[in-house]
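Notes to accompany the following structure.
Chain lettering (A, B and C) follows the sequence in which the chains are written, and residue indices restart at 1 in each chain.
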Amino acid sequence: MPEYNKLNSEIAGKLCAVVGERRFQLGDQVKPDYSHDEMPIYGKFMPEAVCLPETTEEVAQIMRICIENKIPVTVRGTGTGLVGGCVPVHGGIVLSTEKMNKIISYDMNNMVVHIQPGVLLCDLAADALAHGLMYPPDPGEKTATVGGNVSTNAGGMRAVKYGVTRDYVLAMTVVLPSGEVMKLGKTVCKTSSGYSLLHLMVGSEGTLGIITELTLKLIPKPIKDVSLILPFKDIATAIASVPAIKLANLDPQSIEFMERDIVDSSAAFTGNAVFPTVVNGKEAGAYILVTLVGDSEAELTMKMDRLGEVAEQVGAYDVLVVWTDSLKKDVWAARSAFLTVIEAETKLLDEMDVVVPVDRIAEFLVYTHDEAVKQGVYVRSFGHAGDGNLHIYCCSNDLEEDEFKRRVKALMDKCYAKCTEFEGQVSGEHSIGHAKKEYLRQSVGDTAYSLMGAIKNVFDPDGILNPGKVCHDI
Amino acid sequence: MLNILVCVKQVPDVNLVKMDPVTGSLIRQGVPAILNPLDANALEAAVRVKEQYGGTVTCITMGPDMAEEALRECLAAGADRAVLLSDRAFANADTLATSYVIVSAAKLLGEFDMIFCGKESLDGATGQMGSQLAERFDASQISSLSIITEVDLEHMTVTGERELEKGVELAQATLPCLFTVEKTHYRPRIPNLKSWKASRTAEITRFSSKTIPGLDPEQIGDPGSPTKVPRTYPPQVGQAGQIIDEGSTDKSIEKLLALVPELI
Amino acid sequence: MKHKSEYKDMWVFIQHDGTAVEPVSLELCCETRKLCDASGEELVAVIVGKLPEAELEKVLECGVDKVIFVDGTGYEYLNCDAYANLFTLLCRKYEPTAVMVGGTIFGRDFAPRFACRLPTGCTSDATELVWDPKTTDIEFIEPAVGGKMMAVITVPVMRPQVGTIRPGTFKYAPTGKKDYSVIHETVDFPVEGIRTKILDFKADEMDESLKIADAEVIICLGNGLKGADALPRYRKLAELLGGKIACTRPLFDRGVLPFKLVIGQSGVVVKPKIYIGFGISGAVNHVTGFSDADKVIVVNKDPDAAIFNYCDYGIVGDMDEVCELMIEKITAARA
């Protein structure tokens, strides 16, 4: 059990000297936002201070002060996480990367970009496009920082074609808990050179080191793309279509599913009723949204034809073509707003981000819905049908908070057990934080869990980096 | 069978046009050309009328060759026929000259009972086309239409709601009637694969100044446009305000509240 | 065709509902008075139907030189058929150099229509009017291309020059009554020739939030707004300040807020005591919509945004964060 110290005025003074008064918040000055992420149900924890460094050197200096004084350090981007990953559960300081938001340079010949970790995903995506390139990972939360995306190995809507954030991290600069600065990885595509510390850092949720610079791989942006909406009778038939769509050799960029009730909520909330609810006279109960890319309209037309055939076989009510830029913007904006919509219309909220084999998505959702009914909470779900990654939100507007937590725990215990039974993963892209630790242990088993703990101990023997997270038990 | 015309325009997405900070000229390169958003609402209104009462929907536009793309979008979303009026001689037309060309061509296509257009365009935004088309068609007009409530084919009248400054008016007009359509009710549909594919290869009827018989060259393009734009200039920059920067947003806002105590 | 020098006098159409004159008509009288002073022409008010004495006085106070009173059938309610016919006949008879029409929905309907019938040029939404002594033309100056530039529009050959101007663009600043002459015209339009009927009218009374023209405090949102889901905090701030939410044109185009909330050249012109703009780039077609605000505060994350050139106070920062902190600080300060 590590012993942590409280921040005294002397240490605070030293920290403040590193970043300057304007980028340092202490005690009462700390904005309440730093006490939680987007899932406040897991508790709010105020940091004793917040540092907003701008450079690797400042981060290193902060770490040296903190390790010497045994002050916990929790790294935070924009706080859009969903498992309490950036919440300082054991106090200490929050090190926010908000001010480390520079896109440093592009290397067009090698198609890489160097950035600071606090760059927002939406800013990187837009800037890359302006350079004629694409940053393929596309998580729904566009105002997350890229550093946060790397720390959680975020996936997103285009993972089915391009893979996840991990696949685009070529190199990084890391500050270790000791304050040492280390460069991991190179701007080349292959390596067979020892254990990959780089990949250990990806998805480590700020528990092993602090990422202060990133080198990311980009790709040429696709020449043409089209999105297609396939409305279905219900979620089971919608999900049943996914293997057939994947087998049709279309190499889709994304295959998303959404249930009707989230689509309705989104339309009511944003006033943007872009998904048709009645198609050819039939009420749609669920939708599959597919994006195809290609080099020419002819290629896309061929792929769309093939998708059309598949759609007919699997019982889609129709295939709607989202071709114009304005329509694409509307459709994807509606899709990206789902979580915000749920947050806005729900008083009490908890989530699961499980991954199950694609052919068992429907079964898992039906199971979850049934169990939710038994517990008296309601469920909103959407997610990445193409890779089996489901975003399931457990909601209530009338229960007391403690009662809600009790019921959701009962629900989740069953669902995560079912997920394990299906050979699934606890989290596809939202990570473990402190909220899902127990479910991680149950899913991976004690041996793997304690191996993770041992690795954590090698990097951070004093346990000052984001304590109490992932596999770190105190 | 109602004969319905929808007049559309392809416009630059002006929200994406930027000004070169050095030269003060507009950067139009890379700015996508889109179907004027309100025209998409107008088309949807027309297609719904067709579906309910029967008829055909023709869409028409005047513009360069690339305006074909806007017409294909209309075909995908339910128009039966598309007409492109393209000629260098049509260039630099104001609303008077444009309405002259469109109505001259439309008269070759038949008698229209209902004519729809968007309330205004994204780029010019004069909102005058509807009235001038109505005038040249000698049609009644219902502007700022939010929804058509009834088409009475027996008495050849149409009833619809208009969004006026101070309320909603229920107006009735005799056919032929021209409507300028609001965004409110007629959300453009997303075409299905079948109609989208058909729209990509559909034939588009084309007219030039030479193929519209009797077109008066004095009434088209620049010569036919009584309004001129003798010059443009960058907007004058106003008085720069005081930027409040007290180091943190927190402190800046406290300073702002001190400077503008009315806020409290 | 007659040469333009043979036309004389500038007209303003006085739109009214039998009880009160539309403010925009008075604003236009005042602005057109200045043009007439420059050109040496007479300012003529065209009044169709009966107007109460006190309302007529308001028109005369603008320094009108002549009034044309029109009576006859067909003018009981505003309709394009009778009014377009009337103005075509009157313009042909009296040959004015200009006809100014308030940019109400009706004005924007019938003015282009009679201009087309005459035919002559019609402009809309000018934000500045200048009489050019060299050409004797009126320069209708207005923001164009989404406000990225200013365009000067003229009607160099034909007459009259017809212009519709948005309510609130110009000030009602009467220069005082003058001696004026009167012409009476009777023009009957057959009632059966009116092709549109008003079956019903429901006044908007419920949605006060859509009436921004007279709001004292305006929270205006620009294209920097992430989406409709980001709105609640701004509504809260508006509520706290007793103000109303408004927006720029791109937010309407994006479908986030209704057209009635659009401030600017092609929207509503406002004159609030306090205007707070969030995430607004500063295109002139928007800026012209609030140029008479007493205090302008703007927030934008881009320190180079043009909007900072039109404010009293600016804060560079994330709009959502600033909004939330403003709510917090104002609430705290009041407590």
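Here is the rule we go by: contacts are C-beta pairs under 8 Å (C-beta built on N, C-alpha and C of every residue); 3 or more make two chains touch, one makes a residue touch a chain.
A quick note: this is a predicted structure, and the numbers were derived from the prediction, not measured.
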Reference chain B; chain at largest CA-centroid distance: A
Central subunit by CA centre of mass proxy: B
Result of counting contacting C-beta pairs for B-C and A-B, higher pair: B-C
Cα-centroid distance, chain A relative to chain C, in whole angstrom: 48
Where chain A and chain B are represented by their mean Cα positions, the distance between them in whole Å: 41
Approximate Å spacing (C-alpha centroids) for the pair chain B, chain C: 21
Multi-partner residues of chain B (each touching 2 or more other chains): 37, 250
Set of chain C residues in contact with two or more other chains: 255
Chain B-touching residues of chain C, taken from the complex the two chains share: 80-81, 84, 104-105, 108-113, 115-117, 119-125, 143-158, 195-204, 223, 241, 249-250, 252-253, 255, 259, 265-266, 273-274, 283-284, 287, 295-298, 303, 306, 308-318, 321-322, 325-326, 329-330, 333-334
Partner chain C, residues of chain A touching it in the complex: 143, 269-272, 330, 333, 337, 340-341, 344
Residues of chain C that touch chain A when the two form their complex: 226-230, 232, 255-256
Footprint of chain B on chain A - complex, ascending: 21-22, 25, 29, 31, 228-229, 273-274, 276, 297, 301, 304-305, 307-308, 318-327, 331
List of chain B residues in touch with chain A within their complex: 13, 32, 34-35, 37, 73, 76, 187-193, 196-197, 200, 247-248, 250
